[in-house]
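Per-chain residue numbering starts at 1, and chain names A, B and C are given in the order in which the chains are listed.
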Amino acid sequence: MTLLEVRGSPPPRQWRKQPFIVNPWVRWGLYLGALVYLVLAIGSLEFNWARIIAGMDRGAAFIAGFLKPDFTSRWQDIYEGFLESLTMTVVATVIGVLLSIPVALGAARNLAPLPVYLVCRGIIAVSRAFQEIIIAIVFVAMFGFGPLAGVATLAFSSIGFLAKLLAEDIEDIDRQQVEAIQATGASWLQILNYAIQPQVAARFIGLSLYRLDINFRESAVIGIVGAGGIGATLNTAIARYEYDSAAAVLLCIIAVVLLVEYSSGFLRRRLL
Amino acid sequence: MPVTVTGGQRCWQRRDRAAQLRIWLVWLVGTALFMAAWSFISAQTIWMFVWDSPAQAYDLASRMVNPRWDYFERILWPLWDTINIATLGTLLGVIIAIPIAFLAAHNTTPSRALIRPLALLIIVSSRSINSLIWALLLVLIMGPGILAGIIAIALRSIGFIGKLLYEAIEEVSNEPVEAIEATGASRMQVLSYGIWPQVLPTVAGISVYRWDINIREATVLGLVGAGGIGIQLQASINNLAWNQVTVIFLAILATVFVSEWISARVRHALI
Amino acid sequence: MLTIEQLTKRYSTGDLALDSVDLQVTKGQVIALIGPSGAGKSTLIRCVNRLVEPTHGRIWLNNEQITGLRSRSLRRMRCRIGMIFQEYALVERLTVMENVLSGRLGYIGFWRSFFRRFPETDIERAFDLLERVGIEDMVDKRADALSGGQRQRVGIARALIQNPEILLIDEPTASLDPKTSRQIMQLIVDLCRESGLAAIINIHDVQLAMMFVERVIGLRQGRVVYDGSPAQLNAARLTEIYGEADWTGTAREEQDEQRDLPTSAEVIVPLIELPETGVGRQRVVGS
């Protein structure tokens, strides 16, 4: 009692939310680093205001095109472009799925010996590192313009995507089930079929359908570098300043993407 | 029932007849579809070029194996631009996507009849259109340059982040939210105390994941004039300077590996 | 019939799991392998079908050497050795029938197994076994829809359809309630007796082991420290295997005459009154 009187009332206790990064040096260092980066990055931007203002008309014209899309005058091109995109998507997905399976088996550390593992992981890494457009450029240089280059591109990208996820699934399987089948004297292929496939197949089908989705979306752009599909139509329309046709193509893409996404989702739910 | 008894002999098949027939039918239709699609593509292909492709590939490879290392200096600046496009674009995308996601999630939207469909429409259109197409349009409107690239990346990211985020918001556990509501908190307080803490790690995780994807996307935006290393790539290809292309490819590869590593580390730390 | 000679296993981590184990199993003999956790029981039976590669030593099955066999002949050897796992190790997403038939994989070619075209005799035998283990109604259920006891029965059927010469059984009852444990043990012992099968059963529950087997092997730190009939397994010997503990109610009293192995009626009837919580275990053998 006396103590309190002597020292006066204690200061009100403080409370603040504990920050995510506890060490203040690291925290403020990161904040400072981020700030410096932002200043540098934004500083290196160049704004050409005159050009941007001049472009506003075009922007307005484009929005007007969206409000009044023109499906008819380029209908033939749009139709053919979509047909090409869809066929490319189907073929590339099938090929990609088929090829991704052996690559995934090779890239699963619990199945493959080290050299095979490294090769397959290398394939996956390269396939995932490069954007589809870059791969398309290389394939166009090899196969010439046309949808075959597009098919090769999409198939190659699908391999990286699917094989990586499938390999991770295989690495996560329950070892006991494999051992049980092994103990019956089954051969390697039989172990694959009886112990591993049942554990990973359902998710792989789901992933393949998801990839079908992605492949259609990508098929809409690789046409820009000459690898077939609706992208070429779109590119031409934009280059000719036919905004209403371009808007029509874009609206069609959105519609088909929705359709593909919805039906692949439906299939996924039905199959699993 | 896959088990049938015929004359005292029990028979087992994995599937009953109807299921088996359905499966055969699916295979048949699938194969027919594939063959039709393939023949369509084959008809559009000039096979002569394709048969020639091994020679082309060999030619390409032989031009590429001799990288022009001194070209590397010239792509440092574009590389910096590429990273900026991805980072600033992701940042912009996140900032726009967060409110849209809250407007789209059915447990936080102010109006399910009006605003939610609108927000979903924005998300869907943004998702359906590749960043390269956005860049194509933006370059047309605002001229070539990094700014068009940043906005293109942002526009594509909105849909991606928005979709994953609004799904996460719809899955937040309801008890803390109700507990906060029970204290008499306002709507915004419920958002910031009940829901935001639950989705914050998701926001961070999705953003970093998208940033990693955006680095890859940003490498090609230059092909349509939207800044970054794609401009050098385009120029080198047009000049058939494949030994420069090699250097660019290696630079892209290295950047992508680093960004993937960072993204994986950050996402790991968040869990 | 099964001969193990100087079997030693050192894992790559440096653990010496088995240290010069010698063992002989004669035809039709059912053996319980007991020992504390980490004694090397699982390692021992896994060495027999080479799921684990022995570091040293030799194993014969009917004068054919198992150690040293290469891929194809090893697989043929594995056909002759049935294995039953603690966590059942069924392939969860396959049906009961597919799981049972997977025991025949070593006998048929890949494409037949791929299209599930098993010989009629195999299917007939699978049905018989499913009836024998009491789950004939579950043929088309998926394995992940079964209870623990039902799963273990599928596991037993899968091992038996191999027509093995010996069964390796790793803790068949560890995940089961006491009543089901006894039923499963009874089933295993009966099945072995019916077809003159030898079996090595890893088991933690010493009383349960003593009820059913004719020979017990005690393993401690990779060495055999006991090998004899369950009758002689007294408190001192259990201490030697497991270390110091209160063994009253577990070990047989010295003067207790060796009983005949219980018949199924004897075992199952007292079980009915057993509480299923697992606390009543101690009472069974002594009573």
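The rule we apply is simple: a residue touches a chain if its C-beta (ideal position, glycine included) is under 8 Å from a C-beta of that chain, and two chains touch if they have at least 3 such contacts.
Not measured: the values here are computed from a predicted model.
Enquirer: Can you list every chain in contact with both chain A and chain B?
Expert: Touching chain A and chain B alike, sorted by label: C.
Enquirer: Could you tell me which pair, A-C or B-C, is linked by more C-beta pairs in contact?
Expert: Looking at B-C and A-C side by side, A-C shows more C-beta contacts.
Enquirer: Suppose each chain is reduced to the average of its Cα coordinates; what separation in Å results between chain A and chain B?
Expert: 3
Enquirer: With chain centres taken as the means of their Cα atoms, state the distance from chain B to chain C in Å.
Expert: About 52 Å separates the centre of chain B from that of chain C.
Enquirer: Any idea how many Å lie between the Cα centroids of chain A and chain C?
Expert: The answer is 49 Å.
Enquirer: Touching at least two other chains at once: which residues of chain C meet that condition?
Expert: Each of 98 in chain C touches at least two other chains.
Enquirer: At least two partner chains per residue is the criterion; list those residues in chain A.
Expert: Answer for chain A, listing residues that touch two or more other chains: there are none.
Enquirer: Looking at the complex, which residues from chain A come into contact with chain B?
Expert: Checking each residue of chain A against chain B gives 37, 41-42, 44-48, 51-52, 54-56, 58-59, 62, 83-84, 86-88, 90-91, 94, 125-126, 128-131, 133-134, 137-138, 141-144, 146-148, 151, 217-218, 220-221, 224-225, 228, 231, 234-235, 238, 246, 250, 253-254, 257-258.
Enquirer: Using the touch definition up top, name the residues of chain C that touch chain A in the complex.
Expert: Per the stated touch rule, the residues are 49, 51, 75-83, 85, 87, 89-94, 98, 102-107, 110, 113-114, 155, 158, 162.
Enquirer: For the complex, which residues does chain A have touching chain C?
Expert: 174, 176-177, 179-187, 189-190, 193-195, 198-199, 201-202
Enquirer: Mind listing the chain B positions that touch chain C in their complex?
Expert: 1-3, 9-14
Enquirer: Going by the contact rule set out above, which residues of chain B touch chain A in the complex?
Expert: Residues of chain B touching chain A: 33-34, 36-38, 40-42, 44-46, 49-50, 53, 56-57, 60, 80-81, 84, 87-88, 124-125, 127-130, 132-133, 136-137, 140-143, 145-147, 150, 216-217, 219-220, 223-224, 233, 237, 249, 252-253, 256-257.
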